[in-house]
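Two complexes follow with subunit A in common, the first pairing it with subunit B and the second with subunit C.
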Partner chain A sequence: MSLADNHIVSSFDDDLNQLADKLAEMGGLCEKLVGESVDALVRRDIPLARRVIEWDRAIDRLQHEIEERGIMTIARRAPVAIDLRQVVGALRIANDLERIGDLAKNIAKRVVALDGQFQPPKLAGGVAHIADLTLAQLKEVLDAYTRRDDKRALEVWTHDGEIDALYNSLFRELLTYMMEDPRNIGFCAHLLFCAKNIERIGDHATNVAETVYYVVHGVPLTEDRPKADLVSADFD
Partner chain B sequence: MDATAVAKSAPANIGARPQPLGEPKIIARDVNVHYGEKHALKNVTLDVPEKAVMAFIGPSGCGKSTFLRCINRMNDTVASAKVSGLIQIDDQNIYDPSLDVVQLRARVGMVFQKPNPFPKSIYENVAYGPRIHGLARNKAELDEIVESSLKKASLWNEVKDRLNDTGTGLSGGQQQRLCIARAIAVSPEIILMDEPCSALDPIATARVEELIEEIRRNYTIVIVTHSMQQAARVSQRVAFFHLGILVETGETEKIFTSPNDKRTQDYITGRFG
Partner chain C sequence: MSLADNHIVSSFDDDLNQLADKLAEMGGLCEKLVGESVDALVRRDIPLARRVIEWDRAIDRLQHEIEERGIMTIARRAPVAIDLRQVVGALRIANDLERIGDLAKNIAKRVVALDGQFQPPKLAGGVAHIADLTLAQLKEVLDAYTRRDDKRALEVWTHDGEIDALYNSLFRELLTYMMEDPRNIGFCAHLLFCAKNIERIGDHATNVAETVYYVVHGVPLTEDRPKADLVSADFD
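Up next, the complex of A and B:
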C-alpha cells in the first residue's frame, strides 16, 4: 500500500500528508475525549466533564479544516485512484470522528446534569466496561487508518457485534436495577443513554473501518466478500 | 467470516457497475510493430467496444499513436514500419491483402492533434470525402451531407452563413470540429482521435468533448489523450500503454479509482514509476 509519497509534484505529497496528519490529530483528540467523558461519568468528575464539552469545539474545528483541505486538494490536484481514495477517505473519517466527538460531549453533558444525584458507583460499572471495549476498537481502527492496514480494519469491523451484544446485556442489567429500586431509575436512564452513545461510537468506529478498507482496496467492504479475496485484491 | 460479521448488514453494492459495453468492434491479437530495429508495440491484445469511447493513455513514446495508426493502416505509409499480428473490424481481417485500403479508411476516420483543414472552403472541406467516395448523387444530396455533418460536429450554427470562407480562417477549436465534421461526412463506423484537444483552449476542448459525448452512441471512438481528466470525462474504457506494452485495460471508473497495475497507478497519479 503506497502512502502519499513519490509524487513527481512533491507539494501534492505535502497536501496529502498534511491531511493525514490533521486526521491523526483529530483521531487522538477523539480517543482522549471519549475516554475522559466515561472517566467523568464513572468518577463523577464534573470539572473533567466540562473540559470535555469545551474540547469538543476543537474537534469541530479540525473537521472543518480537514474538509477545507480535502476540497482544496480535489480542486487543485484533481486526484485519481489511490490519491482520490485517500482524500475521500479522510473526509469521511473526519465526519465519523466529528460525530464521535459529539457523542462524547453528550455523555459529558449528562454527567454535568447528573450533578448531585449520583447513585452507587457499581451501577456505572457496566457502562465503563462497554466503554473500554469501544475505546479499544476506536484506537485499533485509528491505528489501522494510520498504517492503511486493511486486516486490522477488518478485525474492528468484525468485532463490532460484541459491543452490540454487550449493550443489549447492559440494557437488561440496568432494567433490573431500576426494578430493584425505583430511586435508581433516573440515574439508570441516564446511564442507558450514555451506553447507547457509546454503542454508537462503536458504530462510527466500524464506519471508519469500512473507509480504511475502501481506501486500501478501492471496493466497498461487504459481508459476502470471501476472505481469501481480501488479501489478493489489487496490488501491494 | 464469523457469525457476528454475517449478522451485520453492510450495504449491497447496488448500482455501482456501469452498463456493460457492447460487442467488440475491433479486436487486436498479438499485434507487434517494428520501426526498423525499434520494437514499438509488443504483443498487444485488445478489444475495442462498439459504440463507445475508449481512451488510450500512457507516457509519450509508449506506442499509442502507433497502435491507432494500425487500425486504419496508416502505418502502411511509413516505410520502416512492420506490423504483425491480427486486427479485425467486425470479424474482418483488415490486413487481408485483398482488402481495399481506401474503403477501410472511409470506415475508419481519423482526427489529428493539430487541426488540419484543407486550404479550401469550409464546404469543400466537408464535401471532399463524400464526393471522392461517391456518397452523393447530386449537389442537393451533397449539401445535405455537408449540413448534417456540420450539425453533428456542432459547428453548423457557427459557419452556416460563411460556408465559402476558407476553413483555415476558423479558430483552432472550430477547425478541429471542422476536421471532425470532415471525418463524419463519409459515415465512418470508427473515429480515431490522436490528442484532438491538445492544441485547444479549455472552452474549445469542452466543445469537442461535448461533441464526443453526443456522437459516441453512433460511432466507435478511440481517443489518445495526455489529459487524465479528459480520459476520465469522455471514455467508458481506458487502455494504459507503457514502453510498447499494453499494461491494463478496464472500465474508466475502475481505472481511475482503483487500477490493478502499479504502473497504471503511478502514471495516472503522477508518481515516479
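Up next, the complex of A and C:
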C-alpha cells in the first residue's frame, strides 16, 4: 500500500490510538526478540535463532505501517503542539524499535553462523548479564512512554551509562579470553559483536527516553547521549 | 525551535528545494566525515579524529532541521502521490545520513581511544580498502538521488554485496592476525569494529538506494537487503 492510496476516515484521536496500539505491539515484539536472541546465543538454540530472524520481518512491517499512518495523520489533521509531538514521537520510537529488532536479528544470525564452532559455554555468560540489564531498560522506557512518564524516562536515560560501563569491562574480559587461548579468538570476536549489538539496543532505549521527554515537554532533552563523552564511548 | 512554532510561508516547491539543499549539505558532510575518519585511523591523526567527532553535531542538527521542515511541509501542504514521496524520501534519507555520520564518529572515537596502543600499520590497510569502496557507493547513491536516477540507485543496491564479501574476508584476516600474535588482539578488535562500522555505512547507502527507487516508482524495491541472506550476513 503506497502512502498515496491510504483512506483513513477516523478522527485524530482514533489515529493516535491506532498508532499507540501498533507501537505497543512493536515494543512487545522487540522485547521478545531481544530476550530470545540472547537465549538462543547462550543455549546455542539454532531453531530459536531462526525464529527470531523470521519474526524481525513483522517488526519491519509494523514500522512501515506506523510511518505510513503517522504521515497520513499529519497530512490529514495538520496537528500542532502536543498533538503533533505525539505523532512525531510515535514515528521516532517506531524507528528506534525497528533498529532494535535488527540488532536482535543480528545476534540471532551469529548464533546460526557459529553453529559447530568451538564455544566455551562460560564465555557467553557476560553477554547474557548485559542483555538482562538492557532488556530491563527497554521494558522500563516503553512503559514510561505508555504512561508519558518523563521522570521514569529520565531514569532510563541516566542508567544507560551502566550498560556502557558493563560493555566496556566485557570487551576487556573477552580480549583476555582471546589472549589466554587462541582457540577462543573466533568465538570471542562474535561475542564482542553480540555484546556491541546489545549495548546499541541500550542506546536506542535511550533514544526512546529522549523522545518521551520531547513529547511531554516539547523541547529536546539534550543533544548528547549520556555515553557521548570520550571516556565511556571508547569502544563505540 | 519546536515543531509547533515554525512559520513556513513558502510554496510546496520552495519547501522541497529547501529540503533538497539541506540534504545535499548533509550528504556532502557525510562523505567528508567518512573519508576523514578512515584517514585519521590509517594515519593515527588524533586532531583530525577529534574534528570528525565535533563535526558530527552539524549532521545531527541538519537531520533535525530536515525532519522539522519535512513534517511541517506535510502538515501545511498535505501533498499526495509523488509530492508526498519526495518529502518522505527526504526524511528517510536524512535519517540514514544521520546514522552514517554516527558511524564515522564512532570510527573517529576509536582512533582517539587507540592513541598510544600497539598498532602495526599494515593492519589498517584492509579497512582503508573497504572504506574506499563504501565511500564510492555513498557518493554514487547520493548522486543517484539528486538526479532521481533509479537505475544508478539499483546498481549501488546490487553492489552492496561486494562490500559485505570484502568485510567478511577482512573479518577473517583480522582474526588471523590475532592468532599470529596476541599483541595484535587489542588493536585488531578495534579494527573489527571499524570495519563493521564501514560495512554498516554501506548498508545505509543501500537504504538510500531503496528510498530513491521508492520515490521514483512509488513502491518499495524489496523487503530484504541484498545482504539479508544468512550466507553473506554471517558476520552482521
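Going forward, the second predicted complex is superposed on the first by the 211 of 236 C-alpha atoms of A that agree within 3 Å, B and C clash if a C-alpha of one lies under 4 Å from a C-alpha of the other, contacts with A are read in each partner's own complex, and residues count from 1 in each chain.
Quick note on the criterion: a residue touches a chain if its C-beta (ideal position, glycine included) is under 8 Å from a C-beta of that chain, and two chains touch if they have at least 3 such contacts.
Fair warning: this is a prediction, and the values are worked out from it, not measured in the lab.
> Look at A:Ser11 in the shared chain and tell me whether it touches subunit B only, subunit C only, both, or neither; answer first, second, both or neither.
Neither partner.
> So, does A:Leu221 touch the first partner subunit B, the second partner subunit C, both, or neither?
After superposition on chain A, A:Leu221 lies in contact with subunit B alone.
> Does subunit B (first) or subunit C (second) touch A:Thr158, or do both, or does neither?
Touch status of A:Thr158: first partner only.
> Looking at A:Asn106 after the superposition, I want to know if it touches subunit B, subunit C, both of them or none. Which is it: first, second, both, neither?
Only subunit C is touched by A:Asn106; subunit B is not.
> So in the superposed three-chain picture, is A:Ala189 touching just subunit B, just subunit C, both, or none of them (first/second/both/neither)?
In the superposed model, A:Ala189 contacts subunit C only, not subunit B.
> Between subunit B and subunit C, which makes contact with more of the residues in subunit A?
For subunit A, the partner with the higher number of touched residues is C.
> In the overlaid three-chain picture, which partner chain does A:Val80 touch, first (subunit B) or second (subunit C), both, or neither?
Both partners.
> Which subunit A residues come up in both lists, the one for subunit B and the one for subunit C?
The overlap between the subunit B and subunit C interfaces on subunit A comprises residues 2, 78-81, 84-85, 218-219, 223, 234-235.
> Subunit A touches which residues of subunit B in the complex?
Result: residues 1-13, 16, 228-229, 232, 254-262, 264-266, 268-272 of subunit B touch subunit A.
> How about subunit A: which of its residues touch subunit B in the complex?
2, 6-9, 12, 78-85, 157-162, 165, 206, 210, 217-223, 227, 234-235
> Mind listing the subunit C positions that touch subunit A in their complex?
2-4, 53, 57, 60, 67, 71, 74-76, 78-81, 84-85, 88, 95, 105-106, 109-110, 112-113, 171, 175, 178-179, 182, 185-186, 189-190, 192-193, 196, 218-219, 223, 230, 233-236
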